[in-house]
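Below are two complexes that have subunit A in common, paired first with subunit B and then with subunit C.
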Partner chain A sequence: MTSKTIKVDYLARVEGEGGLYIKVKDEKVTEVKLKIFEPPRFFEAFLRGRNFTEVPDITARICGICPVAYQMSAVHAMENALGVRVDGQLRELRRLLYCGEWIESHTLHVYMLHAPDFLGYQSSIHMAKDFPDIVKQGLELKKAGNEIVRVVGGREIHPINVRVGGFYKIPSKKDLLVLAEKLKRARDLALETVKWVAKFNFPDFTQDYLFVSLAHENEYPFNEGRIVSSNGLNIDIKEYEDYFVEEHVKHSNALHSQMKTGENYFVGPLARYSLNFDKLSPLTKETALDIGLSKTCKNPFQSIIIRSLEILYALDEALRIINSYETPEQPAIKLEIKSSKGYGATEAPRGMIYHHYKIDDDGLVLEAKIVPPTSQNQKTIERDLWNFVPDRLDLPLDELTWQCEQAIRNYDPCISCATHYLKLTLDKE
Partner chain B sequence: MLENTVVIGIGNDHRGDDAFGLLTVRNIKKIISNKVCCYEHSSDATGLISLWQKEKVVFLIDAIYSKDPCGTIYCLDLKKEILPNEWFYSTHSFNIAQVIELAQILDQMPKKILLYGVVGKNFEIGEKISPKVFQAIETLTTEIIKDINSF
Partner chain C sequence: MARKPKLAVWKFSSCDGCQLSLLDCEDELLALAGNIEIANFLEASREVIKGPYDLSLVEGSITTPHDLKRIQEVRKISKFLVTIGACATAGGIQALRNFQSVSDFISIVYATPEYISTLEQSTAISSHVKVDFELHGCPINKEQLVEVISAFLFHRKPNIPAHSVCMECKLAGNVCILVSNGVACLGPVTHAGCGALCPSYNRGCFGCYGAKENTNTSSLSNKLYQLGVKNQDIQKLFRSYNAYTPAFLKESKAHD
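Right after this comes the complex of A and B.
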């Protein structure tokens, strides 16, 4: 009898703190645990009793990487509760803000966290010694996202300009035209990024995933849409809890999400791309096809290409919004407070994020539920490892461990959001 | 206006002593916002490089982890001294020590960069700032303004 343990006590280049344990016995994987040991953060409890107007800014503090996703999901849920809809140029500005967050977050992952895996470097700091110009390019591209968030959100990190009903202050056309000049240069860099990552070597690891994302009639999804899946699900956001469920598992401080039918599912760039390819901009579609990608992608290692394409899309979309922008007359619409429930879901860079709130007549929060993308992907990450390891058991342990970590980083897991984290153990008997 | 002088407070308002950098930079801004650029930073530290790369003098303010007593103040000249990696906890992939290393490799360090750190003890979500860390806000505000004026 032979056994092997793959153990990573502390996973590098992921956001938050977690580990991985894999046990192999008689050449078969017998145990896979994505361990998230960052303490639970009890944000939902923290929100109870707070005024509904405070929720977007408080939830934005859950994550320094994707604060816009939290803000947007919260404002949509609150507006749903109050029976109002933000439309026109205010809606476009929200979409522009989301473009900024996708550019920031995806660029951080592509250049600083994921590319070192493909180029054989321990970290981007090591990579920077050999490829300083590449890393500088990544920082310049990320800065373009920061600029959008600064102009629309009021500052680069944790934007303060978003409120239920709209914004506190709206940018002028002139502000946005200055921004557009920087974004044009960034779009060229994004195109170069796609071509660069497309040349990486990708393990042959195509999986049969159940993809879930938002889908909108006319646009690639950021702020709204229906929840759809690759097996035909098509539901309103308020029906989310009728179809999806969270459960506690012993080895993780983050709840695991699954379909009520028991299936694990996949949210994030691969799901969005595969379910919404036709809604990408012409340049993004053309670029994807030019590099040989098909309209669906089921190899998670190629997620770095999809993220790069989504950066390109976000820049294209940002420029489209700016070109047609007309300054709205009011920064926000009027609200009437009432006791009610509201539901919101948007597409964070890592995947769909769901919020649900119940407020009372004074607008105070009675109930809050937040389901971030990493919680939803945990089961699928474990499933990937169950399938990934058996064909690679002949690899030296350090090489196998490295590849397992890379398989986790495919998901750009945000453990702080999921608890919200990750460390790896491979146990081979 | 002291052109090319920037003060950056780092942290998270909702994580107890981690709010120190933000509270201190707000305090400084109230007193001398007409003289320097003040920023609050709460995300992955790579974003810091874009805030300072063209600046000549940078003041970073953050709460740090150390075995030293809570409230202990450190000031390091990062062009001359090595920043201990273990001082920083970041949930966001890169901490300040790593970003300083990256900036050095990329030749994107400012002309002068000082880190003012205060030892915290409580970084849990939803907690209040420790009294000794709170006291250090005023002390460091005075100290940093004095240093800014000396340049």
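Right after this comes the complex of A and C.
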């Protein structure tokens, strides 16, 4: 009587294929498995022997939702290996490109994947029947992010303009000024978005997370910084593997990450926000405090608010970059190939992503290691479900199942990334 | 009122980029949803309306024993089946495993190889079932996607040009980067669809739309060779996102 199974064979509104299996016996959760059955694609293996110049484009194909995150992490790791730094306006253009991906990816999640859960719709298309203007607003905002990626990167999915050392072609000031007009309107929509999502009902579910993100001395982190945590870790990117490990578990085609000390940790918007609040733009900080948030946020359901704030921030930042933009003289800096190792970590919309490569004298890849955000969060997602389900066992099974799905979608899990997959099962015996 | 046609979107081994193209149709999405029933599209909706479906869009390649069975099911319940993207049409970047032993690959990525269930090869959908139309690209072009959906649902032939990127480049009025700058470019042998994007960004085409039909890859290779491109780099050019498309496969093997 008191036992049940929560089972979702194919999780919806996540990127990739996965499922959930939760088993409850005598009012106690006895098993939680976030199953990732997205077929493995073996990127780290077939990257071996490829030219270092091909790596940003190849790794982009790990994920169609956040290709820029892969491209940026790859170029930074390769530049680290070759001992060069891309600075000035080229660095700013990379930041602008990343703003575009954050806006596009976060808006997709806020409006199309997550908001329907809060309002009780199967999808945003169902939601559009009752709230056409809201959904149109979301589509317009998403389009603004896509426009940035298109102007700077050439196209929205798998941009073609990024290379190790810089870009192939640089946008003119005029191209960017045309873009800026659209971004100003999008910033107003982002502000509306924050106010809209702040009014949702949030389950009372505050957790004591170990947050991990990049931190930079004067900016909200995108491409560079040190790896920091809420319990005082502060390390160089190249030390990542000294502190974090990946483990291969049977129910998942994605590797699970944890701290070497055995703790699970949290990467993504909540971590970034809580560890870097002071670096947000004045408008973003003011808006956050106005809607009653504090400088840290430990309720994963409120990640929809934090994503909306990060959209607002990314628009502010994009406009700042465009305003002070001066066309750089060269689209890319010169590179000299040498055998070495390089490390890169950047902040993908879903959280920190780490790349490490070893290349030979000809610039061919000898070794590659890629740790995407979803594999780092998998353990924490499972931990959330262990804590979330016991207080809600009186709910009808379909409602409880939906709430568990929502708890997973809090992380905007990208399963394609994690295998370089998600499916839900609740077993009440 | 007549019944709205039912659309389903299926995912196999892929990056989700091609199906995301549908959600990226910000201007057309709601109008499209008004004319068709989005009956099965897990990335966007929890609701799954049972088949049969009037049109199935298939993303991704076949790489597991389970998917081998699933694609047969999808074919049975679909009136028309259209593959979207290089993964579904040619096996995708993950078909690079086809050139090596997959067990070596598993042990490079996973500590416990016995947990992984996978096939030796990553193969195109057409290797397993009848495909009614193939849309090229890694990723596909979203305008072409909208065109294909409307064409199939309203029973006309899709208007998708089958010439080369090289032709698109000339139509765009670009100066040829291969001839003028000596940049290695697969434009002459690559299927049109992107609007000659890379050459417009001063970059050689790397063939992400796959091979155009009846193409002469060896004469392009000779030209690249004369430009000083190394044999192994020519091989890599043909061996990427569409490595298992027959014309590119043959050409890359010629450089072994």
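The criterion applied here is as follows: the second predicted complex is superposed on the first by the 426 of 429 C-alpha atoms of A that agree within 3 Å, B and C clash if a C-alpha of one lies under 4 Å from a C-alpha of the other, contacts with A are read in each partner's own complex, and residues count from 1 in each chain.
What we mean here is this: contacts are C-beta pairs under 8 Å (C-beta built on N, C-alpha and C of every residue); 3 or more make two chains touch, one makes a residue touch a chain.
What you see is a predicted model, and the numbers here were worked out from it, not measured in a lab.
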Three-chain arrangement built on subunit A, subunit B and subunit C clash or fit: clash
Which of subunit B and subunit C A:Lys184 touches, first, second, both or neither: neither
Partner chain in contact with A:Asn161 - subunit B first, subunit C second, else both or neither: second
Partner chain(s) touched by A:Asn51 [first = subunit B, second = subunit C, both, neither]: second
First (subunit B), second (subunit C), both or neither touched by A:Lys143: both
First (subunit B), second (subunit C), both or neither touched by A:Lys338: neither
First, second, both or neither for A:Lys260, with subunit B first and subunit C second: neither
Subunit C versus subunit B, contacts on subunit A by residue: C
Candidates 8-16, 98-106 or 224-232 of subunit C: the single one with C-alpha clashes against subunit B: 8-16
Subunit A residues contacted in one complex by subunit B, in the other by subunit C: 13-17, 38-39, 41-43, 46, 58, 61, 64-65, 67, 108, 112-113, 123-125, 128, 132, 135-136, 139, 142-143, 146, 155-158, 416
Interface residues, subunit A side, partner subunit B - complex: 13-17, 38-39, 41-43, 46, 58, 61, 64-65, 67, 104, 108, 112-113, 123-125, 128-129, 132, 135-136, 139, 142-143, 146, 155-158, 415-416, 421
Subunit B to subunit A touching residues, read off their complex: 12-14, 39-44, 46-47, 49-50, 91-94, 98, 101-102, 105-108, 124-126
Subunit A residues within the subunit C interface of the complex: 10-17, 38-46, 48, 50-51, 54, 57-58, 61-65, 67, 108, 112-113, 116, 122-126, 128, 132, 135-136, 139-140, 142-143, 146, 154-158, 160-161, 168-169, 247-250, 253, 255, 331, 402, 405, 416, 420
Touch list for subunit C against partner subunit A, complex: 11-21, 23-24, 26-27, 29-30, 33, 38, 41-47, 63-64, 67, 92-94, 96-97, 100, 102, 104-106, 108-112, 115-116, 118, 138-139, 194, 197-198, 200-203, 206, 208, 233, 236, 240-241
